[in-house]
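The letters A, B, C and D name the chains in turn, as written, and every chain counts its residues from 1.
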Amino acid sequence: MTSGDDRQSFRSRLALIIFESDTPLGKLFDVLLLWTIVLSVLFVLLESVAGVRELHGGMLQGFEFVFTGLFTVEYLARLYSARNALHYARSFYGVVDLLSILPGYLSLLVPGAQYLLVIRALRLLRVFRVLKLSRYLGEASVLSAALRASRIKITVFLYTVLMIVLIIGSVMYLVEGPENGFLNIPVSIYWAIVTLTTVGYGDISPQTPLGQLIAAMLMVVGYGIIAVPTGIVTVELNRAARARGGRVCPECALAGHDADARYCKRCGAPLQL
Amino acid sequence: MTSGDDRQSFRSRLALIIFESDTPLGKLFDVLLLWTIVLSVLFVLLESVAGVRELHGGMLQGFEFVFTGLFTVEYLARLYSARNALHYARSFYGVVDLLSILPGYLSLLVPGAQYLLVIRALRLLRVFRVLKLSRYLGEASVLSAALRASRIKITVFLYTVLMIVLIIGSVMYLVEGPENGFLNIPVSIYWAIVTLTTVGYGDISPQTPLGQLIAAMLMVVGYGIIAVPTGIVTVELNRAARARGGRVCPECALAGHDADARYCKRCGAPLQL
Amino acid sequence: MTSGDDRQSFRSRLALIIFESDTPLGKLFDVLLLWTIVLSVLFVLLESVAGVRELHGGMLQGFEFVFTGLFTVEYLARLYSARNALHYARSFYGVVDLLSILPGYLSLLVPGAQYLLVIRALRLLRVFRVLKLSRYLGEASVLSAALRASRIKITVFLYTVLMIVLIIGSVMYLVEGPENGFLNIPVSIYWAIVTLTTVGYGDISPQTPLGQLIAAMLMVVGYGIIAVPTGIVTVELNRAARARGGRVCPECALAGHDADARYCKRCGAPLQL
Amino acid sequence: MTSGDDRQSFRSRLALIIFESDTPLGKLFDVLLLWTIVLSVLFVLLESVAGVRELHGGMLQGFEFVFTGLFTVEYLARLYSARNALHYARSFYGVVDLLSILPGYLSLLVPGAQYLLVIRALRLLRVFRVLKLSRYLGEASVLSAALRASRIKITVFLYTVLMIVLIIGSVMYLVEGPENGFLNIPVSIYWAIVTLTTVGYGDISPQTPLGQLIAAMLMVVGYGIIAVPTGIVTVELNRAARARGGRVCPECALAGHDADARYCKRCGAPLQL
C-alpha cells in the first residue's frame, strides 16, 4: 500500500465521520458539533449583556476564539475531505460554514463583528439533516414547496402592498407633516408599514382628524388583506396534501386516492403501494 | 356482612359520587364543585387588587384557607376511593388536583404563592367532562387531533421563526445599539419577536433609517408567514372534517371514505351509496 | 263600509308603507328613514366633539329631540299597524326600535345618555332588508350559518384562551409585580389578552428578563393559535360553499354536484335544477 | 406618398414604440421608462428628507421638473399616436399618466404638491404589462377575481365591523371619557378600530377596570373575526385553483370539471379520463 492510498483512505474515513452519521464515530461527531454550536451561540448572546461582559467578558471572548478555531479546523477538514472541494465551498452549507468563522477573525479588526457569529445557528440545519430527522425535513420540504408554488402570487401581493404604503405614506406626510412625527416620506412609509402589518408601535401616530381617518382605513385594509397570503398558502398546502396521496388506479385510471388506500374507490381494483 | 364489605361498599359509593355524575348526589357534587372552583379563583383575583386587599384581605385569605381545606379533603377522598390510587395520582387530573392545593400551604412559607391557586381553573375541565358536555369534548378532541397532526410542520415553522429572530436580533443590536434601547442581543431578540408576531409594544423601536428599513422588512415577513400555521391547521381541520363525514365499510368497518367512493379503499368491498 | 273597516283599511295601508317597500310610498318612506337614521347618528357623533358642541351644541341637541320625536311617532305607528303588536315589540327589530328612542328621553335625566343613540345605526339593518338587498342578506346568512356551525369549536377555543391568559396573567403578576405596571392579577390578565391577541398597546410591558421570556412565548403562542379560529371558519365556509351546490343525482344518488351542473358527473343522468 | 400618409405612418410607428414592446426600439423605450419612473419616485422621497433637501434641494427639484417635462412630452405623444385619443385619456392608464404630471405643475402654486408625484409608481404597472410579465399578470388576475367574487361577503363583514366600532366607541366614550384620552366619539371609534384590527398604537388606552374589560372583549372579537375574511378569500382562491385545473368537455368545451367527473356536468357527454 502506498502513502497515496493511505492518504486517500484517510480522506474517505474523515469524510465518513464529518459528512455522515452512520458510523458510531460519525454520530458522536455530529452530536458534539450540535452542542458546540449551541454553546457558541449562547456565549455570543451572553457576551452582549453589559452586566455579564463586565464580569466574565474575558472568559467568554476566550471561549469564542477557541470555538472559532475549532470551527476553522472543521472547515478545513471538510474542504480537504470533500469529494469536490470547490463544490462544497460554493454550496449553501459551505458558505454558512465560512460565514460562521469569518466574524470571529473580523472582530480583531472591527469590535462588535463577533455578534454576527450567531449565524452559526444556521449550521444546526445540517446537523438535523445528518441526524436523519427525516420526517421533519420531509414536512419542511412540503412547506417550502408550497411557499415556492405561491411565489408569483406572493410577489404580486407584495407589489400591491408596496404601492399602498408608498402612496398612503406620501399622503400622510402632507396631511400630518413633520410636526406630528411624520418627518419625511420614507419615515411616513415606515409608519404605513407599521400600521398595515398591524404591528402598531405607537412611536409615530396620527394626531389630526383627517390623518386618523386615513389611518383607520389603512388599518382595516391591512386587517383584511392578510387574508390574501393566508388564502394562497392554504390552497397550496391543501394541494400538496392531496398530491402526496395521489396515486392512479391501474384499472380505471382514477387519480387522487388517499395515502392509505389499497383498493381503487371507484372500481375496487388493487392499487400499487 | 363484614366491616370490610361495608368499607368496600362505602368506597364504591363515594367513588360514584365523586368521579361520576349519573346519580342525583353525584350531579349535585359536581355542580357544587364547579361553583366552589369559580368562587375560589375569583377570590384569588380579588385578593391581588391592592384596594380590595386592604379592606377585605383577612376575609379573603380566610376563605382561601377554607377552600384549600375543602379541596384537600376532596383530594384525599379521591385518593381513597379511586380504584387505583397511584394511577389517579399520576394522571393529568390527579396532578392538577394536587397543584390546586399545594400553593395554599406554600403561601404560609412564601407570601404570594397563593396567586398560583388560579391553576384551580384547570379543574373546571374535569367538571365539564363529568357533566357530559360531550359535544364540546368531541369538538375539542377534533381540534387537538388537528393540532397534533400539524405537530411536525409547526415545529419546523417555529424553528424557522427562531432562526429569523436570532439573526435579525443580532443585526439590529449592531445597527441600533444600546443607545436606542437595544441593550443586548437577548433584548434585541425579544424586540424581534414583539415585531414579527405583530404585537408591537413600542417600548423598544428602531430610530436609525437602516434599523427602520430592517424592521419594516421583518414586519412584512411576520405579516406574511402567519399564513403558514394558518394554512397548516386549516388543511388538517379540513381533513378531519371530511374524515368524520365518511361512510363505513360493511366488511372491514373502516370509516372515513370519500363522498364519491364506491369501494372500500382498504379491503375493496363494495360500499353502500 | 263601517268606520271599523275604515280603521282596518287605514291600518293595513299604514303597515304596507311602514313595513314593506313594494309601493312607491313604501319605498319613499324607507329611503327617508335611511337618511334620517344616518343624519341622526352623525349629529350624535358631532355633538360629542367639544369644539363643535361649544359652537352648535344647542342646535344639535334640538335636532336630536326632533329625531327622537320622529322615531317615537314611527315606533307608535309600527305598534299600531303591526298585525301582532306584542310580537313586534318583542322581536329583534322591535327592541332595537325602542332602544333607539329611550336614550333620547333618558338624557333629560342623565346627561350623556344621548350618546347611546348611536344604536340607531342598527336600524339600518332593517332598511337594507326592506330595500331588497337580498344578495347581501343571502351572503350574510351564509356567513352567520358558518359561524353558528363553528359555535362549539369556537367556545372550546375561547375557553383555552381564557385558561392561558388566567394562568400566564397570575404568573406575570408574581414575576413582574406592581412596580413594573402589573398592579394586580386582573390587570395582568388584561395585559396577557393585549399580548396574546397581538394588539400590544405597550402601556404595560415586561421589564425583567424572565418576564420578557414568558411574554415572548405568549406572543408566539398567540401568533400561532390564531390559526385555529381561522381554520375552523374556513372549513365551515368551504362546506357551506359546497353544500349550496350539493344536489343529489336521481339515478346513482351521487351527491355534491356543482351549482352549475346539469348532468351527473358520474353516470351522466340529467339532474333536477 | 402624400404628407398625410407620412404623418399616418409616423403616428403608427410612434404607437409601436410607445404602446408595444415587440420591436427593439419599443423594448428600449419601456426599459428607459421603467428606470425614469423609479428614479423620479426616488428623488421625490429624497427631497422630503430635511437633511437631503438642505444640501441638494435645488438639484433634486431641477431633476423633478426635467422628469415632469419628459413625462409631459410622453403623455402628449401617447395622446397623439393613440388610435382613439379620448379613449386613451379616459382609460385607467391615461388618468394615471395625467395624474403623474399634474402635481409637478401644481407645486409651482402649492408648495408640497410635488410629493404627490409618487403616484408615478403606479405607472410601473403598465411597464410590467408591456414587458410581457404575463405569468405575474395571470396570477394577479386570479387574485383579483377571487377578491371580486368575495365582494359581497366582504362588504357584509365590513358593515358588521363598522357597527361594532360605532357602538363600542360610543360606550367607551361614556365609560372612559375625555380625561382618559377618549376625547369624543369619533376619537373613540378611531381607538376601537386601532384595537379591533390588533394594531394597538397605545396612544389611547383604557384606564378604568370597566374600560379594560370592554377593551379585552373587543380584542378577543377582533382576534377571532379576522378568521372571516381569511376564510372567505381562501374558499374563493380554492375554487379558482380547482377551476383552472379542470379537464375540458370534448362536446361543449366546458372547462373546470372535477378530478373524478366522468360525464360533462353541462351536456352529459363522456369525458376523457
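In the analysis below, a contact is a pair of C-beta atoms (placed from the backbone, for glycine too) under 8 Å apart; a residue touches a chain by one contact, two chains touch by 3 or more.
Listed by chain with UniProt protein names: A, B, C, D = Ion transport protein.
Source: prediction; values computed, not measured.
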Compare the contact pairs of B-C with those of each option in A-B, B-D or A-C, and report the one where over half match by residue number. A-B
More than half overlap in residue numbers between the two sides of the chain A (Ion transport protein)-chain B (Ion transport protein) interface, or less? Answer same or different. different
Can you check how far apart chain B (Ion transport protein) and chain D (Ion transport protein) are, centre to centre, with Cα atoms defining each centre and the answer in Å? 42
Which whole number of Å gives the spacing of the CA centres of chain C (Ion transport protein) and chain D (Ion transport protein)? 29
Among all residues of chain C (Ion transport protein), which ones touch two or more of the remaining chains? 186, 189, 198-202, 222, 226, 230, 232, 234, 238, 266
If each chain is a node and each touching pair an edge, is that a line, ring, star, complete or other? complete
Report the residues of chain C (Ion transport protein) in contact with chain A (Ion transport protein) in the complex, numbered from low to high. 198-202, 230, 234
Residue ranges of chain A (Ion transport protein) touching chain B (Ion transport protein) (in the complex, touch as defined): 41, 44-45, 48-50, 112, 115-116, 118-119, 121-122, 135-136, 139-140, 142-143, 146-147, 154, 158, 161, 186-187, 189-190, 193-194, 196-203, 222, 226, 229-230, 232-234, 236-238, 241, 257-258, 260-270
In the complex formed with chain C (Ion transport protein), which residues of chain D (Ion transport protein) make contact? 152-153, 155-157, 163, 166-167, 169-171, 173-174, 178, 183-186, 189, 195, 198-202, 205, 209, 212-213, 215-216, 219-220, 222-224, 226-228, 230-232, 234-235, 238-239, 257-258, 260-270
